[in-house]
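Handing you this structure, nothing more for now.
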Amino acid sequence: MKNRIFLIAVLLIVACALPFLVSNYRTFQFTLVLVYAIALLGLNILTGYSGQISLGHGAFYALGAYVTAILMDKAGMPYWATVPAAGAVCLVAGFLFGLPALRLEGLYLALATFALGVSMPQLLKYHHLEKWTGGVQGIVIAKPEAPALFPMMGLPLNPDRWLYFFTLAVALVMFLLAWNLLRGRIGRALVAIRDQHIAAEAMGINGALYKSAAFGVSAMYTGVAGALGAIAVQFVAPDSFNIFLSIVLLVGIVVGGLASISGALYGALFIQFVPNIADEISKAAPWAIFGIFMIGFVYLMPTGVAGAIRLLIVRRRSP
Amino acid sequence: MEAFLHQVLAGLSTGGIYASLALALVMIYQATHLVNFAQGEMAMFSTYIAWSLINAGVPYWLAFLLTVGISFVLGVCIERIIIRPVENAPVLGVVTVFIALLVILNSVTGWIYTYTIKSFPSPFPEGMALGRFMSPHEVGAIGVTLLVLLALYGFFRFTPLGLAMRAAAQNPVSSRLVGIRVGWMLALGWGLAAAVGAVAGMMVAPIVYLDPNMMSGILLYAFAAALVGGIDSPVGAVIGGFVVGILENVLGAFVIGNELKLSVALVLIVGVLLFKPSGFFGKVHVTRV
Amino acid sequence: MALLEVKGLQASYGQTRVLHGIDFAMEKGSITALLGANGAGKTTTLRALCAMVKTQGEIRFDGQRVEHRATEDIVRLGVAHVPDGRGTFLNLSTEENLRLGAYTRRDRAAVEADLERVFGYFPRLRERRGQQAGTLSGGEQQMLAVSRALMLAPKLMLLDEPSFGLAPLLVRELFGILRAINEREGVSMMLVEQNAAMALDLADHAYLIETGRVVLQGSSDELKSNDSVRRSYLGY
């Protein structure tokens, strides 16, 4: 336990120092890593802990992003207020989608969420909603400025750095929340439902409620990530939220590792930086390289990076 | 009234294509209890192969047959090389491999052929239509689809190999005890599914034009069709295909507009899974504790 | 040369060892019974012969070593296994079940002749030939399972608990037909049975298995007159 706290402290220090050590563009990339980590944490709560597969979480990311964009653009809300709003909307939406979805297992749920993920762009382009969603062109958002007090303290905080710290703060809150949730009764209940749902019901756990709630919470996380992502990128458009986004998120948890909070971080690093590497290997077919990575991980490292590290630690500990 | 009839008939035509793809999905599901998320991309890739052959000067029907054959072989290879190692892996792993396949096929196709939309020829000459109601291609597509479905039915029902494949899908243990090589039956099933998908792709390409992303929406309709009919019922898949085709066209033209047609598929999928998860022709499954 | 020779057969389910070194042999044309209580390892022995479980040791069939071969290949050597639970293809018709039994055979005319012969032994199956096999009664499914094995034209038939769930009258009828098949067609048989009395009436030789080991062997007459067998398994 002490080792863990030490590690987390080191990580935090590195995270805080990062924007001052690298270029603005890199800072922006790391902001996105944090965004993905939050989204992956959400998906992990659903798939890793609750055993439900979603191939459509990109839809909730999109929902969160659009809530933020619409509130900022049409209602003039400040960016930081839109984040909880996006979370709330996605929590409700996820819970509602989860209610019917709880009757579906494994592959069937994957199918239904796949359908959601594929149809999302079309829904976003629907011309009756255009005056809110901006149709095919989407919505452009103004870049947030660092609050006035910081320049006065002598800290040179440009917008990219400010955004990074804002996102970091939200990420820390979300991670703490998840950690608390999952290590207690709720986490154990979810695992019980995942592994032996009939036995769990017999023990008095209301599987239906937990599963819908899990869906709602995971959607909320992904929605918050979407909101932060929209703020970072300053732009939302329907075609950036197609099925490939959902697939990217899936890749993230497979690579990072299921049922683990640290897995979300590994996965996020992978999906932010590896596409660039893939691009360099093959300019024309980066996704093919990505796909090969995916298959490789399923064959060779099915518990993801987090699982592999856990195995290494266990092996080193046992004599 | 005429417009309605036209939509229904057009729906029958696209429905045939959905039926073929849905049948491919059901064939794989029956044998493996897995949903082949990459079915659409496999069909798309096959259609591009056909396009290459036709562009190289091969006459249409020869290219058609060659493509079906090549797709069959590709299907067998994919099953033996990529799917077999993960057959018994946990669901998430299997789904990931399928999605990876989807992504690889899509990307490789885009790389080889670029993303510019291409036109794909229809083998059915102008002028042999049902008057003003259907275009020659629409009639032809239904004809080809029905032929393929009949051939498959005959194969499974009346040939020893077809019987063996059905047996292997239903009861692999007993199948081994009569000497059936279950692994190869699975590979054959994939080959057939790939071949059927190729036919579906070649029939739909003249309508929606050839581009690497052409099948994702169609795959969704095929999923809906397979679910409506019952994911383990081939007959159901076929009927489901025609139903979905007609619903899509009629609703798209008269109720919700063409823009939201994909949502029809989404609503169907979620609706069926909620209210009649075994579909209209499938079997209800009881889970053993 | 014995038809079937087994030396030091061990078998495991995962990490659990169930058979701890079984030796036995079978002559061509004989009927051998494997007796023992529940969980003794009788079914596992039959499964081991067909490579359905992990095994160690030697299995020789018709002079060939088969312990490393796949189930489908062992079947092709002429071993027909009627599994416990019958293994019927429930969604296929009776006739389709029978034809599957002959899946590996190339001699079409002989297959048709065998089909007629099987209907001769079990006329009820002819009546139900187009019916879905899952709708047959327990006894009929047992007949179907035996018939399917016969359609292989096997040299050796392995029968796992053929009397299970059948009324005594039906068992007598079935065993009578098995004896007839053995005498007329020379099909060797290995029978796993909890119903020791009926098994010993049918078989020539028997092996008694307890917790994965052979504890007694001999002709069926010898076993019938053995005191401990009589007390523990024959009830008198």
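A, B and C are the chain letters, set down in written order, and residue numbers restart from 1 in every chain.
Simple rule for what comes next: a contact is a pair of C-beta atoms (placed from the backbone, for glycine too) under 8 Å apart; a residue touches a chain by one contact, two chains touch by 3 or more.
Every value quoted in this text rests on a predicted model; they were computed, and no experiment measured them.
**Q** Report the most central chain, judged by the distance from each chain's C-alpha mean to the global C-alpha mean.
**A** B
**Q** Between A-B and B-C, which chain pair shares more contacting C-beta pairs?
**A** A-B
**Q** Would you mind pulling out the distance in Å between where the CA atoms of chain A average out and where those of chain C do?
**A** 57
**Q** Indicate the whole-number Å distance between the mean C-alpha point of chain A and the mean C-alpha point of chain B.
**A** 33
**Q** Rounded to the nearest whole Å, what is the centre-to-centre distance of chain B and chain C, using the mean of the C-alpha atoms as each centre?
**A** Computed from C-alpha means, the inter-chain centre distance equals 43 Å.
**Q** Two or more other chains touching the same residue: where does that happen in chain B?
**A** Not one residue of chain B touches more than one other chain, so the list is empty.
**Q** Which residues belonging to chain C are in contact with no fewer than two other chains?
**A** Not one residue in chain C touches at least two other chains.
**Q** Can you name the residues of chain A that touch chain B in the complex?
**A** Those residues of chain A that touch chain B are 47, 53, 55, 100, 103-104, 106-108, 110-112, 114-116, 118-119, 122-123, 125-127, 198-199, 243-244, 247, 250-251, 254, 258, 282, 284-288, 290-292, 294-295, 297-299, 302.
**Q** Could you please specify the touching residues of chain B with respect to chain A in the complex?
**A** The touching residues are 33-35, 37, 82, 85-86, 89-93, 95-97, 99-104, 106-108, 110-111, 216-217, 219-220, 223-224, 227, 259-263, 265-266, 269-270, 273-274, 277, 287, 289.
**Q** State the interface residues of chain C toward chain B in the complex, per the touch definition above.
**A** Those residues of chain C that touch chain B are 50, 52, 70-72, 75-76, 80-81, 83, 87-92, 96, 99-101, 103-104, 148, 152.
**Q** Provide the residue numbers of chain B that touch chain C in the complex, in ascending order.
**A** 160, 163-164, 166-167, 170-171, 173-182
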